[in-house]
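Common to both upcoming complexes is chain A, partnered first by chain B, then by chain C.
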Partner chain A sequence: MKRANNFIERSLMGALSFLKESIFADELAARPGFLQSLDPHVKAITMFSFIIIVLFAKSMLLVMYLYVQCLLLALCSKIRLGFFLKRTWIFMPLFALFIAVPAIFSVFTPGEPLFRFQVSGIAFIITRQGISGAGLFVSRVITSVSYATLLSLTTKHFVLLKVLRVFKIPQVFVMVIGMCYRYIYLFMEIVENTYLAIKSRAGVIIRYRHGQHIVAWNIAQLWQRSYQLNEDVYSAMRSRGYSGEPVILNGVKTGKRDWFWLCYALTLVIGAVYFTYWRR
Partner chain B sequence: MHIPDGYLGPATCGVFYALMLPIWGFASNTVKKTLKARQVPLLAIGAAFSFVIMMLNVPIPGGTTGHAVGAVLVAILLGPWAACIAVTVALVVQALLFGDGGITAIGANCFNMAFIEVFAGYYLYRVISGSSPITSNRRVIAAGIAGYVALNIAAFTTAVMFGVQPLLHTTPQGQALYCPYGLNVAIPAMVGEHMLIFGWVEAVVTALVVKYLQKQDPSLLAAGEGVAA
Partner chain C sequence: MNNGIFELKNVHFAYLGKFPALCGIDFTVYQQDKIALIGANGSGKSTLLHLLDGLIFPGKGTIRAFGRELKEDLFNDISYSRDFRKRVGLVFQNPEVQLFCPTVKEDIVFGPLQLGMDKAIITERLERLICVLDIKDLLERPPHQLSIGEKRKVAIASTLIIDPEVLLLDEPTAGLDPLTTRHIVDLLIQEHKSGKTLIVSTHDLHIVEELADTVYVVSQEKRIVKSGKPQAILADFQLLQAHNLIHIHRHSHEDTTHAHPHLHTEHH
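Showing the complex of A and B:
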């Protein structure tokens, strides 16, 4: 059976979108907005705190408050709302919405009936518990995704990876993560060039089985090339002073604005814990 | 298979972070002992390689997303402990920079893909391969079977994580707070689609890459066995 070589197009699009995303994120992170002006350590701690509050929240009101706050933060950080909504709603939250829909029916979530209807003689009952459970689930997913996206959009990627040190992650991990990020660029370029070359030679139609072989051959080639690269990279590290123990540079200072923001986030965490667990 | 934020409750997220901490610590120590200093960049290369394999995402019902994970392949090439670190790093980069997989679910995602899948796949590959030569067809078959089985085991553990949420986190009124489906829905949905579709993708990719490396540079396959603890 012959099929159009969609996998080539998809791989090319994946590689291109990765490179585009990285460059675009760095451009947004350089804009003079509120979140961009914060110390990345403080920003990461507060954003992770908000994601954790969302995780623990049992009230839709609290989750919605955090979502609105996230949208306001995006606006204050010179990110267009349309772009941000498109970026955060496509894929994960839409998929969450898709899988949450069956949960509103009594088959999956029994409870107090809200609506009843019949389709081809089969009765469907939508329950109050189903609606509120699905609503909370989707809003939790979208709010968490929004904060994670906001953090990655307003922080240069390599800075964000270095920030992990604040969470006491061993330096070797942070170094490997930083190096991995640079390699991803290289690999994406290799993938893009290879697939472009294949596309120009194979045309638009390619056999399904042959397509599988092409993908596997590419992965094998990629590994072979990267393994050979290892020696060169190690020599480059040695020439820059690497002696077996990684050292990561850090030159960020925490200012007044950062402390205010940290205090606000802390207050919100305490308020959320009170609201969720102690207020009855 | 990447679990986003909001699907798992705090208890599940916390338990899997706690489970992964000693595994990451042990993996880090083992890799320090077995990898030579000049092989350190190999970890980053392995992580980037793992990231590239995992890039193509397809939405799937019942779980979250599906794609060839490549964890078994990385384990065959680097050894299981180094693969554990490599896949972890790839998952962290995906979660932090690209929103693929949740930040609070990193522990759970790493447990499924960087631990369960890596170790189940690697040891299954070793058992089936036995003492056969690096270039034998038995190793190609072993890689395919290991890829298929390990991915399905990881899909099963992911499904169990989803399925226990209504048992752990439901309000007295019966409202689910996290993933709303129990084990009776989550397991057939996740395992079914992985057994029917994604497991085969993983098997074909893993087997064919091993086959190509056997032809091109068999020493790369031997290297993975050399660094296994």
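Showing the complex of A and C:
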């Protein structure tokens, strides 16, 4: 009992500092890079419009162009490419497994057969349309995730919340987004720590049911505690006058650079809409 | 001023409506009081301080602060809420919870910024606090990397910079070395002299005498069982022992063993 509690305590504290490091630590947002120098509103508008183009794009070429542009922006904003790729591709295996992989087969996407093979008497046919559909899907997801990540990496946490408020997104909604984000990371940390804890207590080979029991118990406790922790941090913010409207020290002025960037993004949007809907 | 700044009448509080944390607290705080709340772990000290800070609200009974009853919907009024937060500051028991900004500096100025204080005043107070608490080297560092003592100092700075009339401190010296404890106690005494009301929860009996004119003992039953001058309370071994604030020491000398109550008021 005692040990288990220590484990919870430790992983929660670990998770908390990890969260603070990855989300609140605005170290990247403080670097002197291109995106960091833009007015946060302009930056948010342009990033959102790129995401929207990507979501509606039908041409692989356009999506690839936007993806390359995103990587270049990351470079110009002094973000290491390796770090950026790791952060954005981490969710991909899940998407790929559940959505993209089934989609390449003829059952889901009928069309011109490309490969076929048999597994225990059932024939599988991979179609050309399936492949290109899945490819487009994956590249859309990765590109939009990359833009969202880029925005959050290069903008200070409170500034980002403030910007979302300017777009008239209701306060509750913004708070929920913040919370979800924190919970996702917390969850990843829990998975890792639970795994380690089981390993340290039961060795590598454990009976499945026993392991399952430990995991279920820990996760229930952890959710409860993390909820409490979130509450406590929120009280601490309220105690010092936070009322849901973040106030930040230095506002940024909109400059020439912002207008250029805005014009460029606008041109891109118009071009993309033209190529996607009218030219064909 | 004849009325207290805080008046609590028969206050009950239970977490989630079923875990009792305070059972019938009556207690009045006057301007420039120096109060210590002592009691074992889980006796409800933190809960009481959170109530005084308007973070939670009694299930039964009433709290009046500055002549008005504290109610949850009162804090929906931005101007009331700002005014209250400027007048009352709480240093949380767990500095881990209190510090959430990317750098120490941003954490310290978080409060006054939210409260819309003048930027020149903020900078000036920041300079002073940096000096007093000797935290200049920490300013650009992320708070979660600091040691517990450094975190405490930063947490205290982040509350003191608001310059509240009432300072609530939840175990401000727990886990600190004697020298840092000394610094913090001196700082708090200084703040009290400059006119602030001080309410400190602690089970560090060393600091009670200096930090309090009145001591309240909170029991495991989550009630105030005794109050009085620190000298009188600290001399009441039976009371302190009954509330887990001292323990019986057994010494073995050569061939005899003797026991005596052990009070941690002096170092030895």
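Here is the rule we use: the second predicted complex is superposed on the first by the 167 of 280 C-alpha atoms of A that agree within 3 Å, B and C clash if a C-alpha of one lies under 4 Å from a C-alpha of the other, contacts with A are read in each partner's own complex, and residues count from 1 in each chain.
Note that in this section a residue touches a chain if its C-beta (ideal position, glycine included) is under 8 Å from a C-beta of that chain, and two chains touch if they have at least 3 such contacts.
Fair warning: this is a prediction, and the values are worked out from it, not measured in the lab.
Counting residues of chain A touched by each partner, chain B versus chain C, the larger count belongs to B. Looking at the shared chain after the overlay, A:68 reaches neither chain B nor chain C. Contact with neither chain B nor chain C is seen for A:270 once the two complexes are overlaid on the shared chain. Looking at the shared chain after the overlay, A:110 reaches chain B, while chain C stays out of its contact range. In the superposition on chain A, contact is made by A:160 with chain B only, not with chain C. By the touch criterion stated above, A:233 is placed in contact with chain B and with chain C alike.
Of the two partner chains placed around the shared chain by superposition, chain B is the only one that A:56 touches, whereas chain C remains out of contact. Judged by the touch definition given at the top, the superposed model places A:140 against chain B, while chain C stays out of reach.
According to the touch criterion, the shared surface of chain A, contacted by chain B in one complex and chain C in the other, consists of residues 21, 25, 157, 229, 233, 237. The touching residues of chain A, counted against chain B in their complex, run 10-11, 14-15, 18, 21-22, 25, 48, 51-52, 54-56, 58, 91-92, 95-96, 98-100, 103, 108-112, 129-130, 132-134, 136-137, 140-141, 143-145, 148-149, 151-152, 157, 160-161, 164, 170, 172-173, 175-177, 179-184, 186-188, 191, 212-213, 215-217, 219-224, 226-227, 229-231, 233-234, 237, 244.
On the side of chain B, the complex with chain A involves touching residues 4-7, 9-10, 13, 24, 28, 32, 37-45, 47-49, 51-53, 55-57, 59, 61-62, 64-65, 70, 73, 77, 85, 89-90, 92-93, 95-99, 102-104, 171, 173-181, 185, 204-205, 208-209, 211-213, 216-217, 220, 223. Those residues of chain C whose C-beta lies close enough to touch chain A in the complex are 50, 53, 55, 78, 81-82, 85-86, 89-90, 92, 94, 96-98, 100-102, 106, 109-116, 119, 142-145, 158-159, 162.
Those residues of chain A lying in contact with chain C across their complex are 13, 16-17, 20-21, 24-27, 156-157, 229, 232-233, 235-243, 246-249.
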